[in-house]
């Protein structure tokens, strides 16, 4: 009624005057009016790219994890062997209170990152890709070196993908002897443990720290928050303020996707991050004037994973047979019609980067198309029996595929429900069982309690990240301080229980876990052949059936602002705040 | 049959916020009802008649004193052991409607205690049916037409008869009739009274009759004793006709004076006694309990409590320092 | 007040059944008339119909209730009826029942009553009420300040009488005024009724199931049975020489303090209820010792015999024989 | 032995009387007949409904979340299954759980209430304090918290937990009924006659309270349906492939029934089922009120 | 006054005990929830792309807000914290005090609940009077059956229906949160209108769901009062209709006030569905959130607050009753 109609043009009624409307980060649902403007607080009011600044912004590159847009750092030099990163700060970077952004700010922020945990600034001894030293070169230059005992090719990403906060506000949090303590914590023994504890205690203070006033080096500063919205005003001192179009930004809170659907189909939002939506809703959203959907690469896929210590899933033919009985296109259509594309095959890699990484090899992989006859052949080969049109175990006992999913993961449950129906229609009994929530799901999954569950995979862009989902801890290979160890199924979180070595057709015997560990430090060219081997292994051995690859969908509206990223842009997984601060988004003329 | 000495009952009224209030329902009552005998309790509302009746029927505990049934002292027995003794004493309730379970037919109502008896004495099923018919006939009901009926299909008088029949199923030695006729239509009242009297004569059961209507007490048996109770104390006790004709306690006298006079048939008594009102305010525990309302009270009355005793050569026991016969009741015209 | 041919019916699943049938009764000014009858004989219904206040599903089906100087109460409606109630006819409820609003003090309810009847001098009304209460042996000020639950049964009954009289009604109906009160209180209330009646020159109707009560206070007595008035006349005469077999039986059934116990006898049978009242013929015939053939078909008319009215074929036949 | 005798002619006559009474009450207001028919319909649906459909239900992958049509009167769900088929087949779980809830509620509530009211004294105090406490703790939030601890794996378990949580009200009501019945002369008379407690409770007290208990049972059934459907709707219970609450959850939070009308049919299916069930029970309880009213039996 | 004071003291004492008991129960239930939140959070962060080690450290920092020590020590801390209104810190709110988080959410629950309840109360009692007066007619039947139906239907069915009809089919009202986000919060027409607009459906749902109960309760209360003799007495004394109506109303509403207070307490907990359907960021939603995110302190706090509301409502109801009912005021026990 009044609100719906009157506010189609948001600026008009509310005096938004060039304000931009977007939604809060999906990863942090809920908006806490009492939360501080603290980027580390889980429900804090520090908005990535708006009033929360990082050293740089990670590009959504299909294969290269070390590409960035400038943030606090204007540029950076990465040593060819990834051993160090030298950061050159924006020459006229300023905090919203007018003070310049200095190397000291960066160093302090790195210190804070140590206390709260970060990839490059981890306290755990031997963590891959950890920083060894932070050096202030001059007022605008900082050099961070990697501890090369367990190097990672993503080191630069680990460093640059970090918050920067003003030292004159946050400085008091770090005690004078912090850096010494940090050194001590690097070692081993009691002193080191104690130092780590102390640092963690500081971390807690950091999380709870509430700056009296939001001091930001980003394009906006926090003005006020209520349970429904957060309002940010343009920061005149931002280095690129001249190119920041919106005078203000409002973040809308939501607690269920359906709320965003309503906002979007009413054309109330200029932008919203990814929310899953059924096709009909998507169509409705598309009909809103100015409404645009931008889709791009999202380096995640979902697979149906087997616990190979349970019968009959230990038999590869059973896994292949099942793969032939699942029409992935139908599953995707039911479960994630707008947020995913059916996996062309199981390669362990998202389809987009797969082309880049393994090229033509991709087409040589078995697509496991829906084929009842093939499935039957595979099941027969596995020794399963068919009784009264139903498949049973080799010993004649009944077989039921029990798929587990966490409650609330409605796309997974939908997919499993669909798979269940498909399987039952083809003579394989199946059921869907859910557990109370994701935490329990993960715990029980890791404890090997389930036969079959869904598993996120292909977490690019770094090659190691992609395959560690299939051949990492959950499948028995642990990488501690650069040393790869394999533990038996059922031990140390190995619930998948693949064989330690696989004889891959046309490749020979390989140890996929060791190959995966190698990817951690390998350069792109070095990685490609390894990836091809691993993809073949995954395709042949099927520890999981890759179901669909996710698509990132961003909702934008051109009624008031233009200049939104193009389809498949490498900016798509960055928040709109970054697009704005880079000067892309323009007011509609 | 049953003897009581110094029975005391005090109710602690809980739930009232102003602290627990004690209600002295009985303050040391002696009574004795012989086998086949009759006794009547009369008194104003709230004087403790029902309480005493219930204690006698074993439905209520008492705080002090001793009750002996057929010579067996109850205090020496465990609660379970008392039950068979108290079963000899059956209570007949004032309200015959609530005394019968509306969901059960007369047959069912009589059947339960009878089959219990049959079980105890090893009698057959047919005995139960016979006995049911028998007790109904005893109370003057036609078994054939009554057995299958529900209480609501019976008149008040019939209901009360069923209640009595039910009491008779356990062959009681005594019936406690608490206001047993006050809720029954006037024209039927006498029938129940006659029945009780009849049962007394034919079966030899003793009857304890509780009422606030003195006249009805006569009809249970003129050989019976009358207990006049005031605020938990027996203040006069003696043969029914003696007390009616020659009450000596001012309270008994005022009670009798309050009986309406049938003006066409009767002549009012010569010296009616009206108690000083009101009852509610004066609840003094000092001296004679009736002193506050007594028109004849003397000095002694407010300081000393008179006890029930035979004195001044009077035929009845009384608890009054200044007993005096007064002619208070109305006499039939024909007599005068 | 003259009641003429009054019939009141209740609507039941079995159709409309009369609870009061063809009752004719005259209340002489300045007298106390008593109506006795057993439970269900229609006493309360009759009392309510005098104020035209029979509660649904009942209704006055026929007859008139003429009040001197006022008209036929049974035809009154709305405001006219309301004003007649209280002001002209006072009504006193049974003691045990609660005729007072539990949430208001007696005084406030008195004022409500005054306002309802347009009394201007409310102070005067309170004074009058206090005086009345004082006359009945109560502390007026204290009672007016009390809630219902703070009063004993006898006190409530006196308050009820006060409220019925305070507006100077000259006709007072008392329904079971002493049921559920104990003996001494009952005697007291009856004394008060008589005293106030005499003092104020009222016309009073007392309804009760207890012959003793009527005998104590009433000048005239009417006996009700199964919705009919079977006999009426001066109290002493009716009690001393009852004519109707029911009245005879009733009096015989009263336990007495002195005299021969064996003389007293219960009536056989049971009183009728609404559903068992015979459709035609005499209502009492089932229990009657003098039953004749005519009793089965013809409802006896109330025939006047001197000061008495008796509705019985047998009596009529005897008188004329 | 006594049972044998009591089962004779009198109780047969009583039963006949009872049913003619029922019929009379039903006839008086036709709405009550509607209630009874609806009620029978639900019973039939729970017992036999699933037999009319194949398992798994047929689906049409080309017809996901479609609005009502001639083919699918209430449309289809997000898997392309007919909504009416889902409602019918889903009723078994819902009604079974509700029945278990109701039985436990009534048995526990009646048992505790009877015991407490009959024994009085210390037991009464303890039990009633406990009951009061139970009544003070709000059911839904407690269920929400419990749903994280408890795994509701089947309809019976579901009903069990709901029943264990909901007997408080019945217990209190039964206790006060018992207390008031105790005061009635016939209970005291039975004690005076030396009849056993079993007899008093089983033959005198319970039959007097039977109508009341029966009504509570019906009301507990609705309570059982609502709580479990509600919990499924909130999505805190393990997934059930077809269940009214699950349907509500999927319709609203996944298929956008509150955003676009195309999924409204999917939403309306279970909603209508609940509405009709409520209506049925309301009408039947209304009739029961009269059937068991002793005054009406008298006529 | 002393009566009320005593009552209050008694209630407070009992209330405190109740809260302690509930706190204990909720503490142990919450702690027995399976699933290690720390491990789970690590996994979650890993899936979000964080390094395992970093994820672990971040989680440990975050969960540092969990109370430490043995279960028993935690329990002692928790209970002693209660006395200073310290319910611990919310993990998902970066260690913000639970009380503060609850306070924030409570606003959004209390206002609509209050509005809905009062609205339904007002309309319900008026219609209840009608239903009572017309109880033998068609209108009475319709009112009673619709009342029972509305009373019987669960809140979420009404909420979903209202939402489906008025927000989807005929989209005239919003169903998406407490306020249209596009307005400046503050005292301006647009914002207030929007608050109002968004409150319509949830308030209507509360009101509709509660309305049935009121109409039924009021109807039966009025019917009871109508049957009371004092109403007939007032009529026979010729009291004005308006006065009699006031008598009926006051006596009939009295018991409903108790229910009103109780239902206000209960509704805080019942808000879960409505808040979920209409996305109101109140206590119910907070409770669900805290459960899905395993925020123990917040979960326990929300649960405790909801229970405490009921306990307080009980106390208020009782005190209220004792203030307005003279029978209670003077210490008499009234069974309601």
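Should a chain be cited, it is by its letter among A, B, C, D and E, assigned in written order, with residues numbered from 1 in that chain.
Following the convention adopted for this analysis, a residue touches a chain if its C-beta (ideal position, glycine included) is under 8 Å from a C-beta of that chain, and two chains touch if they have at least 3 such contacts.
If you want to know which protein each chain is, UniProt gives these names: B, C = ABC transporter ATP-binding protein; D, E = ABC transporter permease.
Values in this document were obtained by computation on a predicted structure and should not be read as measured data.
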| item | value |
| --- | --- |
| Shortest contact path, chain D (ABC transporter permease) to chain E (ABC transporter permease), counted in steps | 1 |
| Partner chains that chain B and chain E (ABC transporter permease) have in common | C, D |
| Chain centre separation in whole Å, for chain C relative to chain A (CA means) | 92 |
| Centre distance in Å when chain C and chain E (ABC transporter permease) are each reduced to the mean of their C-alpha atoms | 54 |
| Centroid spacing, where centroids are CA-atom means, of chain A and chain D (ABC transporter permease) in whole angstrom | 47 |
| Chain B and chain C, separation of their C-alpha mean positions in angstrom | 31 |
| In chain B, residues with contacts to at least two other chains | none |
| Chain A, residues touching no fewer than two other chains | 256, 258, 262, 408, 436-437 |
| Chain E (ABC transporter permease) contact footprint on chain C (complex, rising order) | 48, 51, 53, 55-56, 82-87, 90-91, 93-94, 97-105, 109, 112-113, 115-117, 147-150, 160, 163-164 |
| Parts of chain E (ABC transporter permease) lying in touch with chain C, wherever the complex brings them together | 136, 228-230, 232-241, 243, 247, 250-251, 254, 324-327, 330, 332 |
| Touching residues (chain side chain B, partner chain C) in the complex | 44-45, 155-158, 185-191, 193-194, 212-216, 218-219, 222, 244-245, 254-265, 274-275, 277-280, 329-333, 335 |
| Interfacial residue positions of chain D (ABC transporter permease) with respect to chain E (ABC transporter permease) in the complex | 29, 31, 133, 136-142, 144-149, 222, 226, 229-230, 233-234, 236, 248, 252, 257-261, 264, 267-268, 271, 274-275, 278-279, 281-283, 285-286 |
| Chain A to chain E (ABC transporter permease) touching residues, read off their complex | 1-4, 7, 10, 13-16, 21, 27, 30, 32-36, 38, 40-44, 115-119, 121-124, 127-130, 158, 200-201, 203-204, 206-208, 224, 226-229, 250, 252-256, 258-259, 262-263, 268, 408, 436-440, 442-443, 446, 456, 459, 465, 473 |
